[in-house]
Each structure stands twice: as structure tokens, then as C-alpha cells.
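The two complexes that follow have subunit A in common; it is paired with subunit B in the first and with subunit C in the second.
Moving on, here comes the complex of A and B:
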């Protein structure tokens, strides 16, 4: 006789008290397949833990975002935010969908070139651009977004030396009514720094002011803040037109649109409170169309959306190492997924679903990672079905920042696979091995031998 | 190990302790073990019965059943006199 699936015995006291922080169970079906491929087969073949990215979902997201903006505004250009996920396969999917590259370091700039992006379609942001980086960007006719005055002077000097006109924009920070206000990047609008920087560029013989850029924050839940930002940039553009009779080519609204993850401490889940891409598009395009731009001279609208386009395209698969009970009676489950590879667990209460069928019985659980470090907590409170050792779980919405901010710490970083449009699985990043780390290390001769 | 004789257990997993007035809910495996305890089966017999019926291993069953007994003790569902003797 076939033996039945085992579930550990459970008994819970029925309390008629207030809802607790573990919350209610919200998932009723297991996540057994991703893009038609069985989770257990993926883990069997590629190991656990494993990042899985859906190419179909990436393409669907960017097409939906383009549609949201292009139906509301005549000239729109997306630029893929490399720092959000710079795996080549991911970047190239976005480039195939027409996105330019938006980079914030020399390393990312080189990666964009390596991916075959024309220099003129690379937007170079960020506060740390070396002279060598800038020279390269100038030679490639890239769009350089100036972050501070020292950078402005450096570009001016390099452009004169190379006798080249450089296409530049300035990053503008501003009060859009949200907290915290991001004022560390770029030039401030309200105190006049931005206008001063614009005047310095307009007086320069070698710098051409082609755009205005802002990036008002991250995981923004208020589309109206973008409308305020767009009005302020339009106001700057109007002043440039009035004083210099110069039209800027583009307005870059940056990124920061929230994904559907749930921020730690949020009262409602991200799926309920995050605005849709249509709401952001409506706020931004309405503000630009209502501003003073002449009808036939509306600037190109650039968007550097990262998180909202990639978060829901990726899953992290893992397995249960063991179940324990803590001293205060709480259930704890230890997974092979640690915060070193799931960096976003510091910000989000990630949705986590068992990958195999389960019963209706659940237990309030703390999910720990495998690291021998107290900080390794994947979920502090989650109401989960009863999981046996070796069973699998799926962490949802992990596409943004995890595969760039992950750390090689205690354990090695796992493989990343992408499932293509025909449900074929491709390894797009190999797992690390001891060799990959030792290749970077050098031991001085006098430390090669020892006796114990 | 002896379950408190006053405990009422329903097939659907509802457990009631008339002495304290407390109610509990148990999953089918929990109910099976409570029923076995009511029939005064030994711990070894319970392990064997679970292993015979379910797809699992001895280490897991021993660990899970021992933890389940701890819960029963904490909820005062196991006869205190018996617990002390054990």
C-alpha cells in the first residue's frame, strides 16, 4: 500500500484574542511550477537555493510599462537601470525590448558596452565617475548626468582637452512632498543650486545641456510626487528657454516606482497599496503636457524604472534544513536561503509559498537562513503550512537588487536560471565554487606552510 | 504517557478540555496520536504506527512526536500524575 504524505503532529490553542503580528494565512495553493517547469525538477537539476527568472514576465512588464506611457505621451524612452539587476541575460532582454542603459559606475558602463549598447544610448548617472570613466563616456557621446559641481568642472576640463562637445544633463533634487526627501544626489531645486549649475553649463563652450534629470526616491507609493517633480523640471526648462532660447531634448524622471512587495512594518500588503504603472504614467505625463512646453516641442520623456519592471519576474527557490521550537514556544524553520543572497529580506516581508501540496493546518513561524549569524532572519513572522525537512519553498518578487547586492558570505552564491518564452531553462549565471574565490586570493610565500 | 481522560476529541480535530475550559485544534496526525494515547499505546507503538502508515523516517517521527508531547504537557492535556511518573 502506498504510504501517505507525512505531516508533523500539531495542536494549537484556540485564542479569541486580538490579531497577532503573524497575521492571517493568505496563500492557499502551492507554487509547484514556474513558467510550466516544476520547482522540484529545477532544484533537482540546478541545486538549492536557486534563482529563477521568467523572460516572459520581463517582456510583459516592459511592454505594459511602455504602453502605459506611450498611450499618454508622444515621445517616451525607457532606460534599463543596471544596478537593479545587471545580469547580462536580463539587460539584453530589456535592450531587445528597446530600453537604453542607465548606469551608475564605470563597471556598469563597461557592462553596458559589453552588452552591445551604443555609447550614445547609455545614460551615465551617479556621484562617482572617474576621469577615465568620463573620458570614455565623452568619446562614446554618452549622456552624462552631472551630480555635483566638481564633476561639472572635471567634464569641462576633459571636454576642452579632447576638444569635444559633451552632451550633459543635471540631476535635480527637490521637495516633492514626500519623506524622506532625497537631497544627496544632484543639485537642489528650491535653494537655487540647480539653476546655478544650469547657468554654468549654458556659459560653457564645450558642454551642451540636453536634458534635466531627477530621481525623487525609492519604492514610491505616491504618483502625485512625480507630478510635482515633473512640474518643477518643466519650470526649469521654461526658465532655460526664456533666458537662453534653448530647448532641452529630454526630461528624465528616473525610477523609484514601487513593486508589489510588502515593506516591513506596512499595515497593508504591497499588492493592495502599490500604485500601478498606469497611475505613475498618468501623473507624470499629465504634468508635462500641462506645463509650458510648446505643443510641437515636448521633450523626450526618459524613464529609468528598475524595481517595478523586474521584481515580480524572479523567484528564489530553497529547501527546509530543519524545524525547531524556540524557547518562547514559537516555531522556527531553518532554510538554505540566507540574507546574504536575499538582501531584500531586510526591507520586505517577502511572500513565501511552499512548493508542494499542503493541508489547511498552519503554524506561526520564524524563518531563519542557514548562516551562523543572528541577523540571518528571512521572515520574522509568517503563518506557514507545516513543512518537512527537505521540502521546498518559493520566495516571490526577488528580481530587484538581490542579484546585484548579494554577498558571498559564509556560503557561496547559487546559480541563476532564466526560463525562456518556450519554457526552456538556461543557466545565466553559474554558482560560485571555492575556485572562483581562490582565483582572486594570493598567499605571501612566508605564509604558505605551517605546522599544527 | 497518558492523555487526560476528560479530554474530548472530535473527528474534525477539535479538542476540548472541560477542566480548564480551553479549546484546541489539532491536525489529523495530532488527532491520530491523541487517539493512540487514549488507547494507552506506548511511545514505541506510536512511532511504529506512524512509520508504517506515512512516508517518513524514524528520526523525524521521534523528534516530532517528542515535541508534540511537550505541547500536550504545556497545554495540560497529559495527565500531570502520569507525566511526573514518566
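Moving on, here comes the complex of A and C:
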């Protein structure tokens, strides 16, 4: 007989409050297995903490998203947003599913090329594109989405120098009725900046305006805002047709679809309030179909969806270091997962579940990371069962931004594994070692030696 | 010669030669020249024939008849035969020519009159005008004292002497005494009798001409003749009748008409040639006894009666229409009928009159097709049910207890073809999953009129989702409603049917989609003019802008290609019948093409077979303007372009029974550089000619298109490589 699990004694105040209308909801089923592989075995083999990505879930997500749009609109193309997660294995899974690449820096651009994406299927976004980056993009016939006028001038200059026609789109920002309005990227629609850019491009002999791009915000909870944006872009395209007799080839609606994470301060969990991809698809496609585009000349619809496709495909596994009672009487649990690798804990109340069975007793807990820094709080308040040192926890929905925004700070970055369609585990990124850091460092000769 | 008079000269020559050729259903110029030569075996007969043709064609032209019909000899051949028939019987006096001109004119009138009457029934007038013409003139001239009867035709040795003197006579005698089977002798004579010649030489020359014109026609003439012979033997009829009265040509003409000209050559057609022989024989004997009382011959009356009657009878068929196929567009060659028909039927035969597409976007699954197991039965058997499925084949997300869980629920429904909205129902509530509404069993529906007696109906739409109104015009692919769960629909799905009446729930019609793509094991299959099968994953093909542009050849456009410093200029032209073709101004060759809704086809080629245009004809024989990577399109060239004439000749003899040659076309969609502005599309194609599995010749082609259209065309003939670049 297996030794019974120790559970510390717990005293809990009896709450006689009104039950809320959603009932006494409890999320606490242990997440013991991911894609059929035991969490315990994963940690044992690959260490703790550990990022685990499900290939099956990625494919399911992108197929579902494609289906949502392709059954509502005749011409659709997804482009994988590199900044959301640019691990090669992840990108290539998306490319296998037909997605192009959407990059926002020279580094990401090179990574897309390295992954084997044809230059013409790379969308180059972002406010900071160096002359060298642009030159490369021009040579590779990539789609360049212009963010500001200086960039426009630069592209014009380069294209003249190379005597090449450059396919460009402009990023347009606009009031779609949401706050905050993302007016720092691209050209504003309402104040006429967008037209300034369009006029300049249309007058240019070397620039070809092939598309219109917008990206109205992030973690959008209102599909209607997309409908407004799509409608405004369609109107812009119509006016370009009227003024210049020029057809726009594509409309890029950017990304920003919410995932099922729960934003900090949200009253209801993300699983309940985040619109499904179908709702976004419905809003965007309906707006475009009902716009002034002739039926047979509907432009290609490009989507740069990142978060909504990758968030729920990844889990972060960690272990309990210790439990502590805080001065105000609250319990706290310290994990080996810090905000340095779980960057999104600044934005979300992540769903965190134990990786082993437990009893019904739960307690409000503060989850701290292992960093020797006061900001290292993973969850400020979470109702968790009683955990012991060495037991494991699973953080859900960590696929977006964590594996790109993580930082090497105090601890080293852990391994990332991917579980394939046959439940086989592949290491897709090794953990950092001292060597990986030292390789980058150089110590001036006079500092090599010291005597303490 | 100025161009106008050159055109006139061409018209005159064509109409003359075709008037002769038409006697054997041919437009072959060489054969026509042989026929003229044979007719001149007796010079005055020949002159009479020529005069009759000129009279009839000239009169038709002056009276303003259709120039094209005159050019094809349709108005001349009956007069020609009347001319020949009386030319051999009378002395060439001035009075004779007066009669000749008159009777030619009368024959022309009868021709046009009969064309008007029989044409309404889609039947040919064959040589009935000739029969009337010659009977009238023979009876009438009995009282014309100024006409002198000639006996020239009786003494054919005189003809021989006139042509080549004594040596010719000896040659003929020697030839006549050759150990040729009696039946063959009669065959040759019967053949010559068609031109009112009654000797072996004429028959022999005609047989050679006939082989040159058409192997099938020659084969059929033998089959027809010998089956008559067999019938006479079996029945115990007087075989010598064939020999002396020379009316055996009735069997020959019937055989050619039924076995190759009016009916696509096939085993069945050949069988009917044999079956019809006794009918011709009975008609022949039955009418001959009556006509002899008036001193008339029946000439080709049995042939006319039986062929016209048979063609008329075929029109009343309700079934087996594909078994014995009448030739719809006369190609004036049994070979072209045989090869052209099969490939035409395969390529365009089922091409729908209306371009009909799937009524949705994206990929859906057919969950009930024609003759379905649930509701598509009896009068409603030609219908489709569509649903959206995921990778596991499930149609819903979650538990599937709510209509909204189903992938197809609320998805756009588009118009399958252009049309006008005829009837709508928009107010039926969507069912709970599992429930059905038997009262309003079609649920919310739209009926669109696409043409007379052609409507489409989509049903089980979402309540209140219709975005159109009755009387509104809709374009193909336009969103008209959302998929729902109303009517007899236990779970959301889309019902589509075609019908000939404008009411919701009309009886269904079987009608193919003009094009669609099927996905199977990750591969795409492009289908044209077909009805998809149950359980298939189908989607509409999305046209590729570059290919659409490259193969959108508009008459008046000019394409210039440079091959090794030489510039080839191709002009896109169209004829008055709206047929489009590319003409190479360097070589004079022409390639005929056709643009379907989504497919570009070449339909024919005229000219030398080593020109750049010929290779392009082979390379772009069938091109779908939708790009699916690694998509393969195959087709078959007509065997008339087979590179070896001799082998092809053997195939010609065998084509009614077996096809052993192959001329295969394969197109592979190789590379598409970028979809948004479509910079570059590369297509590769292979033309394979072979005997069975044995490949005799293979060409490989590569076509590169960009925003400028077709910019580079590479040909690998196996021996050399030709690279053409657009200028």
C-alpha cells in the first residue's frame, strides 16, 4: 500500500455569505497528464521548471481558425506572428499548416528565412526596420507594412537605388470605439495621416500599394471593434479605387484576438468572457462582405493571429519550494517558477492546478516565485489545495509571449519540450547553462585576475 | 490578285470541290479532285456535272443564299448528280444544256425546299432533291423531241478508248480479267455507279480516294456491301441484280452514313449497318417494281428512305442516348467524328449550360448525395446535403446539443449561379437539435431562377438570415443567407437541389457543378462538370489571378515570343461563329481555343506540327485557372494529331471497335510564388504519344506566368529544347 499523502492541518472560517450566481465553482481537478504524458515523468526527465507545448493543440487551433474564416469568406491567409512565440518548432508547425510569417524586426525576419519561409510570404511589420533590413526585404520581394513616413522615404530611396518595385502596405490606426486606442503604430485614419501616406505611395513609381493593414489592439474582448476596423479599411480601399483606380490586393486585420486567459482585474474568468474565434471571424467577414468590394473582387483577408492560436497549447510545469505563513495570516507558497520566465503573470491571473491528486480542502494562497525580488509574484491570491515541498504545479495557457519575453534574470531559462501527435516528447529548446551566458561575455585583460 | 478576288476565287473553288465531295459526305479536297477526274471519264458527262454545279451554286449565290452553305457544297451536290445522271444519257446539244440549267435550278429549289422542311426535324435531305430532279427530267424529257438519247454509258470501252486509246482498252481488259473475286468487281462497279460510271477503273479510283478520305468510310462501305451480299445469299434473292442494276451503292452509302457520318463510329453503329442492310434491300426491291412501270430507276431512294427514317427514329429514344450517338456537329470525316466525339464528350459533353458552383465558402462535406439513404429519394433524389466537419469527422464542437455547436450553423450560404430570386421563406424557427419540423419541412429556403426551367433551391436556412428579396438579382458566389436548422432538419445542414419549376420543394434535376475541388488524403483533385459523390470533402476552386490573366486571351490581342532572335507574332482572333483561335502570323498555323468558366481549353489545331504554336497547343491543352500546388490535370488529345500517320491509319480502321493508341496530356501545378500579387506561377505539362503502354514520343513543357501573362515557354521535344520568351 502506498504511503498516504501528508496534508497539513487547516482551519478555515465558515463563510455565511450569499453564494454568487455562478455557484460554488471549483477549477481544481489535478492536471496529472499533458497529451498523455505524466507531468511527474516530464519533470523527472527534463527538470523543473519546464515548458511543455502540445503540437496537436497547435494544429487543432489553426485548423479551427482557418475553418472559421474560410467558411465565411472566400480568400483567407493566416500569417504566424513570430513575436508571440518564435521557437522554430512552433513556427514550423504553423508553416506546415499553411501560415505565412509575420515579423516585426530584422532578427525575426532572419528567423523566418531560416525556417525556410519564402521571402514573398513574409510580412514585415513594426516601427523599427533598419536600412539593411529593408534592403533585404526588398530583395526578397517581401510585403513591407509601412509604419511611419520616415520609413516610407527610406523605402522609396532604397527602391530607387535598387531599381526595384516594392510591394508595400500601410498600417492604419483608427478609432474603433475601444480604449486604449493604439494610435502609436502606423498612420491615423481619422486625422488624414493615412491619406498622406497613401498619396505619397501612389505618386511613387517604385512603390506598389498592395494592401492595407490594421491592428486595433491586443486581447480584444469585443468582436465589434474588428467589424468597425474592417469596415473603415474597406472604405479606405474603395476611396483608393475611386481616386486612383487602383485595386487593393489584401486587407490585413492584424491580430489581437483574446485567448482564454483571465486578465487581472477581470470580474469573470477568460473562459467565460473571451469571444471565440468564430465570433471574431463573423464580425470581420461580415463587415468585408457587406462593404463596397465587388463580389468577385473581395480582397485577400490576412490574419496575424498569435495569442489566440498558441496560448492554450503550452503549459509551464513547476515545483513547490516551500510554504510560509505571512504576517497577515495568509498562506504563501514559493514555487520555482518566477516572473522572469512567466512574464504574462504581470497581465493574467493564470490558471494554476496541482499536478497530483488532493483532497477537497483548499486555502487562499499567495504564489511567489523563487527570485530574490519583491516583484516576483505569480498569483496574488489563489485558492489552492494544500501543497508540500517537491510537489508539482501546472500553469495553463502560457504559449503566448512567455517564450519570447522571458528573461535570463537570477535563474537560467528552462527547457522547452513539445509533445508530438504520437505523444512523443521532443526537446525543442535546451535549458540555458552558465556556458551559454559566458559565451557572450568578454572580460578585459586587466580584469581577469583578482585576489580576495 | 487583290484580296477580295482571291477570296471570291477561294469561295468558287471550295464550293465546287465540296459539291463533289458531299456526294460521299466529304470535304476532302483531294478526294473531290478524284471524283471530278472520275466524272470526266466520260467528258460530256463530266462537263454536264460541272455545269450543273456552277448553275446551282451560282444561282444560290446570286439569290443571296447563305455563303457558308454554298461553300460547303450543300446546295451543289444534288444538282451535280442530276447533271451527271442526265449527262450520260443525252447527247450534248444546245437543247440539252438548256434542260440541264433548268433542272439544276429546279434541283436547287428542291434542295432548299427540303432543307426547310426536314431541317425543322433536324434531318438531312441527303440526295432526295437529286431523286426528284432526275425523275422529273427523265419523265419530262420523254416528250422533248430535240433531246437525243446517248448510249455512251453502255459502252464503257469507248470511254476507255477516248481516254487512252488502244493501250487503255487493253489495260482495262487485262484488269477486268484479273482473278478478282466477283463480289469485289461488283463492289467497284457499285461504287462507280454513284457517279453514273459503270466500270471497274472508276470504282477502283473511287475506292482509293475513299481510303484517302476516310478509312472508316471505306471499311463501312465494304461492311455494308458485303452484308447485303450475305443477305441476298441467305434469302435466295437474285444476286445478279446487284451486278446489272448497279444499285448496290445504296448499301455503300447507307453504311457510310450510318456507320461513320451521321452516327459516331462504334461497334454498335457497325452492327446497325448490318441490321439496316435487309431494310435497304426490302425497300429497294419493293420500290423498284413500282418504279419500273414508269420507266424509272429507284436510284438512291432506298438509301434516302432508310437513313432518314433511322435518324428520325433515333430522335424518339428516351434511354440509351449514349449508346448510339448521333453526330451533332458535322465534322465531315468519320475519323474526326470517332476521335473528336469521344474526346469532345469527355471534355465538354457534360459541361453544364449554366456555370454552377457550390453554394458556400470553404470546405464542406457532402453528408447526403444523390439517391441518399435518408431523404434524397424518388422525385427528390438529385439533391445534396452539406455540413462542415473537423479533422475527426465530427460536425460539432462540444456536446452538439445546441445548433450553435455545429460548425456549419450560421455560416454563409452563397448563390450557386447568377439569377433572380424567385421564392423565399424566412420565418421558420430553427429547430432544437434532434427535433424536426414536418409541417414546414423545407424550412427557410431560397429558390433562384437561373434560366428558363432551371432553378436552384437552398433549404434549412437560419431564421431571418436571408439578405435577399424576391425579384432581386444575385450573382454567383454572393452571400444570400446563413446555414441554419429549420424544417426537416434534426441538426444544422445545408440542402441544395436543382429543379425545373419555381416552387419550394419541386422535383429535382440532376445537374453537374461546373467545377469543384475534392480533398482526399491531403491531395486536391480538380473536377469539372461532375456531380460529387457522397462523403466527399468539397470546396469551390479559388481562381488564381495570374493564371486568370495569362489565359484570358481576348480577340484582338497580340502575343510576341522570341525564340533564338526570331520573333513569333501570335494574334488572337475570332470567327463569326464566336470561335476563338490564335493565329501565328509567321507560320499561318491556327490553334482553336475555348474559355470555360474556370478552364482554358484548346480544341483544335491547323497547320504544321513543329511550330511554336503547335507546342503551345499541346502544352496548354487544358489549364484550370485555379492553382493548387501539385495538382494534376489530365486529358486526352484527339488521336488525329498522332505523330505517325501510318500507325494512325491502322487505328482509323480499328477505331469503331478498339482504341490502342494513346495521346495523353498531363498538367502539373508546380510553383506559385505569392498569392497576394501573384508574381510567378509555373506550370509543367507532358504530352505522351504511344501505342498501348509503349511510348513513341514525349514532349515536356514548362510555362511561366506572371503579371505580364505567359512570359516564358519551354519545350523539350526529347531531341531539342526550344525556349520562347515574351517580348
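In this text, the second predicted complex is superposed on the first by the 439 of 452 C-alpha atoms of A that agree within 3 Å, B and C clash if a C-alpha of one lies under 4 Å from a C-alpha of the other, contacts with A are read in each partner's own complex, and residues count from 1 in each chain.
Note that a residue touches a chain if its C-beta (ideal position, glycine included) is under 8 Å from a C-beta of that chain, and two chains touch if they have at least 3 such contacts.
Values in this document were obtained by computation on a predicted structure and should not be read as measured data.
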item: Simultaneous placement of subunit C and subunit B on subunit A, clash or fit; value: fit
item: Partner chain(s) touched by A:44 [first = subunit B, second = subunit C, both, neither]; value: neither
item: Partner chain in contact with A:243 - subunit B first, subunit C second, else both or neither; value: neither
item: Touching partner for A:60 - first (subunit B), second (subunit C), both, neither; value: second
item: Partner chain in contact with A:114 - subunit B first, subunit C second, else both or neither; value: neither
item: Partner chain in contact with A:7 - subunit B first, subunit C second, else both or neither; value: first
item: In the superposition, subunit B vs subunit C on subunit A residues touched; value: C
item: Which of subunit B and subunit C A:71 touches, first, second, both or neither; value: second
item: Partner chain in contact with A:389 - subunit B first, subunit C second, else both or neither; value: first
item: Which of subunit B and subunit C A:295 touches, first, second, both or neither; value: second
item: CA minimum distance (subunit B, subunit C), superposed complexes, angstrom; value: 36
item: Footprint of subunit A on subunit C - complex, ascending; value: 360-364, 388, 390-391, 407-408, 410-412, 475, 477-479, 540, 542, 673-677, 679
item: Touching residues (chain side subunit B, partner subunit A) in the complex; value: 15, 22-30, 32-34, 50, 53-56, 60, 64-65, 67-68, 70-72, 74-75, 77
item: Complex contact set, residues of subunit A against subunit B; value: 3-14, 325, 329, 359, 361, 386, 388-389
item: Interfacial residue positions of subunit A with respect to subunit C in the complex; value: 60, 63-64, 67, 70-75, 77, 118, 120-121, 141, 143, 167, 208, 210-211, 249-250, 282, 285, 289, 295-296, 300, 302
